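One structure is given here, and the rest of the page talks about it.
Going by the order they are written in, the chains are A, B, C, D, E and F; count residues from 1 in each one.
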Amino acid sequence: MLIKSADVRKAKNNKPFIAFTFQDKSGQIDGKFWDAKEEDINRFQAGTVVFVSGKRELYQNNPQLRISKMRLAQAGEPSSPELYMERAPIRTEDMIEEINQTLFEITSAPINRVVRYLLKKFHKEFFDFPAAKRHHHAFPGGLSFHTISILRLAKTVVKNYPGVSQSLLYGGVILHDIGKTIELTGSLSTEYTLKGNLIGHIVLIDEEITKACEALKISEDNEDIILLKHVVLAHHGKMEYGSPVLPHLLEAEIIHYLDNLDASINMIDTALQRTTEGSFSERIFGLENRSFYKPNVTPPAQTE
Amino acid sequence: MLIKSADVRKAKNNKPFIAFTFQDKSGQIDGKFWDAKEEDINRFQAGTVVFVSGKRELYQNNPQLRISKMRLAQAGEPSSPELYMERAPIRTEDMIEEINQTLFEITSAPINRVVRYLLKKFHKEFFDFPAAKRHHHAFPGGLSFHTISILRLAKTVVKNYPGVSQSLLYGGVILHDIGKTIELTGSLSTEYTLKGNLIGHIVLIDEEITKACEALKISEDNEDIILLKHVVLAHHGKMEYGSPVLPHLLEAEIIHYLDNLDASINMIDTALQRTTEGSFSERIFGLENRSFYKPNVTPPAQTE
Amino acid sequence: MLIKSADVRKAKNNKPFIAFTFQDKSGQIDGKFWDAKEEDINRFQAGTVVFVSGKRELYQNNPQLRISKMRLAQAGEPSSPELYMERAPIRTEDMIEEINQTLFEITSAPINRVVRYLLKKFHKEFFDFPAAKRHHHAFPGGLSFHTISILRLAKTVVKNYPGVSQSLLYGGVILHDIGKTIELTGSLSTEYTLKGNLIGHIVLIDEEITKACEALKISEDNEDIILLKHVVLAHHGKMEYGSPVLPHLLEAEIIHYLDNLDASINMIDTALQRTTEGSFSERIFGLENRSFYKPNVTPPAQTE
Amino acid sequence: MLIKSADVRKAKNNKPFIAFTFQDKSGQIDGKFWDAKEEDINRFQAGTVVFVSGKRELYQNNPQLRISKMRLAQAGEPSSPELYMERAPIRTEDMIEEINQTLFEITSAPINRVVRYLLKKFHKEFFDFPAAKRHHHAFPGGLSFHTISILRLAKTVVKNYPGVSQSLLYGGVILHDIGKTIELTGSLSTEYTLKGNLIGHIVLIDEEITKACEALKISEDNEDIILLKHVVLAHHGKMEYGSPVLPHLLEAEIIHYLDNLDASINMIDTALQRTTEGSFSERIFGLENRSFYKPNVTPPAQTE
Amino acid sequence: MLIKSADVRKAKNNKPFIAFTFQDKSGQIDGKFWDAKEEDINRFQAGTVVFVSGKRELYQNNPQLRISKMRLAQAGEPSSPELYMERAPIRTEDMIEEINQTLFEITSAPINRVVRYLLKKFHKEFFDFPAAKRHHHAFPGGLSFHTISILRLAKTVVKNYPGVSQSLLYGGVILHDIGKTIELTGSLSTEYTLKGNLIGHIVLIDEEITKACEALKISEDNEDIILLKHVVLAHHGKMEYGSPVLPHLLEAEIIHYLDNLDASINMIDTALQRTTEGSFSERIFGLENRSFYKPNVTPPAQTE
Amino acid sequence: MLIKSADVRKAKNNKPFIAFTFQDKSGQIDGKFWDAKEEDINRFQAGTVVFVSGKRELYQNNPQLRISKMRLAQAGEPSSPELYMERAPIRTEDMIEEINQTLFEITSAPINRVVRYLLKKFHKEFFDFPAAKRHHHAFPGGLSFHTISILRLAKTVVKNYPGVSQSLLYGGVILHDIGKTIELTGSLSTEYTLKGNLIGHIVLIDEEITKACEALKISEDNEDIILLKHVVLAHHGKMEYGSPVLPHLLEAEIIHYLDNLDASINMIDTALQRTTEGSFSERIFGLENRSFYKPNVTPPAQTE
């Protein structure tokens, strides 16, 4: 397993212990390492691959690992962190391909050029960063995976509702969270940058569109650019969630809903994976602390 | 045009006038008929087809008809209200067919049986009622059209997110607003019934599921039935919007978002139809009084 | 004393301890049992009667029992849990009698028949269940005691305000919380059922009225039945507290106030019983975390 | 009828008209007097008794008088305003007697003395003022009638809940709104005074208790006095409704509920008096703009 | 007087009238021109200087001009709109000088350069635009006057509180509202631009800082620039007021308070100018609809 | 160092420990004393001067003292608590002088006399009490220091905005928080008094003004007195913050803003003193749990 975070604390008996979060592809689990010695603290740091044996227990309804033994990966054993990290369920190449295909459907020239410019500028980060520090899609590649999930819903919307501009909708979806590549520090031990804290990803992407227009010599008064900026600025849907303007375009309203829908499904899905059938999940902070019920699997077409 | 509503009021000069809302397939428009005589009031009532000439004006930014002449349909002229009413853009037969196809994908027997039972019981109303008195899909057939629009989005969701139960999702979508057939009086001059005012469509459909189970001899403790009821009860998403419980099922959360998304698109779409390119619509009451911008049409792939 | 709950946790020194809540007729008190062995955990489970000696201490302003010795009841000693439980201060027979007397004042036939039918159906639970899992009247018989306390206030209201319908008011009071018998699991170790979590006691009782009407062949369009349902559905007073409709009947508004008043008095009363004169109680979660002052007893007619 | 208020306005045709509210013992009704001449304006002022003939009409669902003829009371006709005013349904002497009886149950000497002192000081106003400018009990004597209605409920509470201090509860009820005699100008054409607008009746009565203690040489540190002040200051129950402190005494919480209950019943009752059976009342501003349903009278013990 | 706005409406008798707002240096007043003919509508348009005689009246507590005669300025009479417009009480030259002096106290080089660059870019608009469309400082030069008023308060703050950065505080104050020069259309008949509606002045100024840094070759990672952007972005203090980030810098918090304080004083001051001593002003929309009392002038050192 | 508070608690291993807050002039720090014996608990009580050696550590981002040795002050060592307490950065004599000078600018006789009377009555407490139990200016002399800081800002306001009454503004500032001398117990181990909890400092000072008028024979109907009371009652600005009336005077609005501004600066300043450059402070409870960034010191006039 990979040590995702390692937090040294003091027990009430005054001895240090380490509060771990372990990660493998099946998910995460917490575990406490009691009576930690100086050497343990140095050895077992975040980002290290370790082999742990112990028992899975419930602590205040949350699963926890009761550690009995723990050691570093030895020579010959797999020790690369990447092997243990949760990843997007689509391969990066496929995500790149899917995004590229979508670009052909963005027929507004200024929007198309700005989107291509920024995808190129942030290419590496876009396919590597998580979509959030903790709440949803918090794994490497989460940002692009979240974006693609919304794009797929957006395409159904375009098909079903005639008046929608696909340039604006797809352009807005692709850019809506790309400011997170500046807001956050990266895909491991993700933290907020100073710009992230003081400016925020919503305004950061607006700045990037502004600079892209300067570089591409697109007028800042071009209506399509103003609309694109609006769609990105308004995508949190409410001012109290950090959008400096409320949605005043059909496409802004749609992106707001699809963004929330995809994030919610991911949060619920993640919580339900750790829940037993027939019981309720932990409370999900990002969903007003609601817990969700995981139904008992019903064989299809049962009869009473 | 069809007189959708006719409200007799008193002018400040103490003479009666009639405040009309006219309807034809292109939309609605208001108009005032000044110095109305007794016979005008009797002749020009809601539900009547009339021929009006006059000028379209703006009154406090809302279009209004300045009536210069107005008369009843004469013999030989079309006078059936149905001809002038906005209708769902899909034919009723096609909607019936689409719903029926969907029923095959509801593989949970209790959900399938309850949904069929209630669709049969409310068949006529379901394909005739509006989805709301005023806010969205406020036209004959609006209820089934709204339902089908959500179903289409729901099918994309099922395709993209593996964990979702299609029985619960499709069953919930089909039933979520069917209580409106009891809450409202019908497709013309729609008002709230006493049950609509005092019980509300959310609880009314829950009662119908309860009675359907009694009739079909399905146990009220069947988990699928409890889940179906929950999905319907929680579909307003927040208690302050009238759901007695918050969503605690993945499918309940999804229906809540898709319902809001479809209703919002319809409200914005309706408002933009009455708006000139390059300007803002009227404020939309159901969307926190926001007005929406109707962009200038940009020829595709323009260059700056 | 009775062990009301026994929660095995891990101390920071990694040894298990048991967090008890003890109950006798004078109230409840918490206590921790340190360094619990396997046999202690098995022996001292919730629902067991034990003999404990120790010292009452304050821990963060809450009284707590510092356990020095603890053993099971021996042969010859009282060991029935019922002996130690807090109970309603009125005997069950007297509550039954008082409810029955009230039925004669419900002169609307449909309301009278539905109330009798449901009282009979839930007779055992109604006089045994608590009124809530934790907040107020959380003891066996609490539900009927809470109901009777409100009924007594309701009778003063009927006497003082001429326009009030006593059928609707008394019928509504008796049924308003009876759905808790389905929402909760019982009077000991009370938890929420799946129906309680996903449907809620407000809709559950509405379903019961619906089924009662079917059984009694009372039309669901009978106005008195619609009013009775409304009064029950609206009794939480605000949508954000779980009522799917706001009160639109005088009697609904009155029940809402009396319900809150009785629950508040019970919560404050319970908190003040554990508070010293001249100081403030713990914060009461159900009353916006307010604490209440317990005045010094003033001898009557004192002079300064 | 009595002219309760007469508001001269300008019609859209630029001629003055008078917007009247008429009052007789059966209630109030509005009416507009068109094309008012100088002499009409002078003659028909608020506080005058007039004889009006006309027709009762509905204007936007509110009843209104369409005035056809209107004249002053002539010699020999009753012309005293008192004859036409709505009054409390209890005679002033009986209210005085009921308050006086209650004083004997206030056994705390400092509370008893302060209450007697202030009742004496504001005797005339207390039995003459309305309880509010407009919302509830807005008629002469409304203040004392509102007080007595609450007192009656309070006595049931004392009987049913053993821990309640009747000195504090009854003292608090009697004083809770007596500051309105300073906040408002009187029982006719009631307006807010400068003190009412800038200090408010809640603090004004606190000041009066302070001065009463000085006059009666009761220490301001006497606990009963502090409690009495608290009960009065906290009676609006929430800070956003103007109480500078939240209720922290059982009796403060009770008065808050009973005050709201009595005011709500009076508002609903007043609205229902103007409503036809089987329909909904106007929206009541003081009750979050809800309208209330007036049921069809059901003959007792009907059978379906 | 200057016609500030002229709104043609239809009276209830169906004839057009003009709703004027007149402006001279002493303030504004509304007035209605009844039975307006085609030529009146053409002649009396916004931005025209007119001579009006009539009577000042109160209409629903707001002063209004009852127009008896009205004509255009004749040859030889003053007819330039500028003569009649309210203006900032400081001369433009003095404001320029005061701003320039302040620049010397901005010792951070990047902040100083950006502020100078933007002041130069928007020089004309900054000293000509109002500070808002309607709420506060809604007159030519209002933007710079509002800025200078805050700067004066800011200098006291710097003097009294040692830890405050004057570079950040003064730079932030000068730029905080300069985006209004893009958000609004100008100083006469002020409206929102498309960018104003869809992006808003807070993000617009952030974009300008971004472009200024590109032009001046200042790194966008320079901490002072990040801080300056934050201070501007956060100056509305709360997200629901349109700031995409909450204040996380001492200087951001201070600017937020001083901005609100100056705007409030200006709104109250403007309202009190139209209010008689000893009475309450109109309700001020920008201050939660509160009205403000204008005290009677008390001769200094009076004695009671 | 001074022991500011000493809280005996039980560790999870069941042994008592002491949770200290130490104070010297440089600020405060927490520290835990493990395995405390009876004599340690008696010796090391709040208000005692001790000599401590140990190591400064971070515990969940908050600095904490890891105590290695601790003893009482010995003979010859400084042991007076006053020596170690944080104090206002202005000497008491200077504060007295500054307040006295201000009194000459209060030219309204009734306001001047009331302010002098109350300053005299509460002289000792006013210059000794903190301005709050914990949030801001929580040190001896904090109340008068907070008052003087606001006064200085108020004087700039008077200079910049002509319409402001300095009598009302300065009088209001001086009295606005003086009720805290009754609300709180003193400058050490500050707690709320019963009056503080049940009446609150806002109403307490209103009572004091009332009694001062009685003593000085100033009529309670004097307009200046009503205005002064209003300014004090409304200074929390919003009802939900405990003001029983909203500001309806220009001066009330100004005091509200200046009070908040000064308190906020003090809270941020205090938090930043404990924060390293280039990082964020702890969350500040009184400022909606925001944390504030402490910038890296930039040498003036740097160049990139």
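Heads up, the rule we're going with is that contacts are C-beta pairs under 8 Å (C-beta built on N, C-alpha and C of every residue); 3 or more make two chains touch, one makes a residue touch a chain.
Composition by chain, UniProt nomenclature: A, B, C, D, E, F = HD domain-containing protein.
Nothing here was measured: the structure is a model prediction, and the numbers come from that model.
A.B. asks: Over half of the contact pairs shared by residue number: find the pair among A-E, A-F or D-F that meets that against A-C.
C.D. replies: That would be A-F, since it shares over half of the contact pairs of A-C.
A.B. asks: Comparing D-E against B-C, which pair counts more contacting C-beta pairs?
C.D. replies: B-C
A.B. asks: Could you classify the chain C-chain F contact as same or different, where same means more than half of all interface residue numbers appear on both copies?
C.D. replies: different
A.B. asks: How big is the gap, in whole Å, between where the Cα atoms of chain A centre and where those of chain B centre?
C.D. replies: Chain centroid spacing, chain A to chain B, equals 36 Å.
A.B. asks: Taking the mean of the C-alpha atoms as each chain's centre, how many Å separate chain B from chain D?
C.D. replies: From the centre of chain B to the centre of chain D is 43 Å.
A.B. asks: Going through chain B residue by residue, note those that touch at least 2 other chains and give them in order.
C.D. replies: 11-13, 194, 197-198, 223, 227, 248-249, 280, 293
A.B. asks: Strictly by the criterion at the top, what is the full list of touching chain pairs?
C.D. replies: Pairs satisfying the touch definition: A-B, A-C, A-E, A-F, B-C, B-D, B-E, C-D, C-F, D-E, D-F, E-F.
A.B. asks: Which of the residues in chain A come into contact with chain B in the complex?
C.D. replies: These residues of chain A touch chain B: 107-110, 112, 149, 152-153, 156-157, 160-161, 163-165, 167, 217-219, 222-224, 227, 246-250, 253-254, 257-258, 260-261, 264-265, 268-269, 272, 280, 287-288, 290-293, 295-296, 298, 300-304.
A.B. asks: Okay, in this complex, where on chain C does chain F touch?
C.D. replies: Chain C reaches chain F through residues 11-13, 34, 59-60, 280, 293.
A.B. asks: Residues of chain E touching chain A in their complex?
C.D. replies: Touch list, chain E to chain A: 194-195, 197-200, 202-203, 206-207, 210-211, 214, 220-221, 223, 226-227, 229-230, 233, 239-245, 248-249.
A.B. asks: Give the list of chain B residues in touch with chain D in this complex.
C.D. replies: Checking each residue of chain B against chain D gives 9-14, 194, 197-198.
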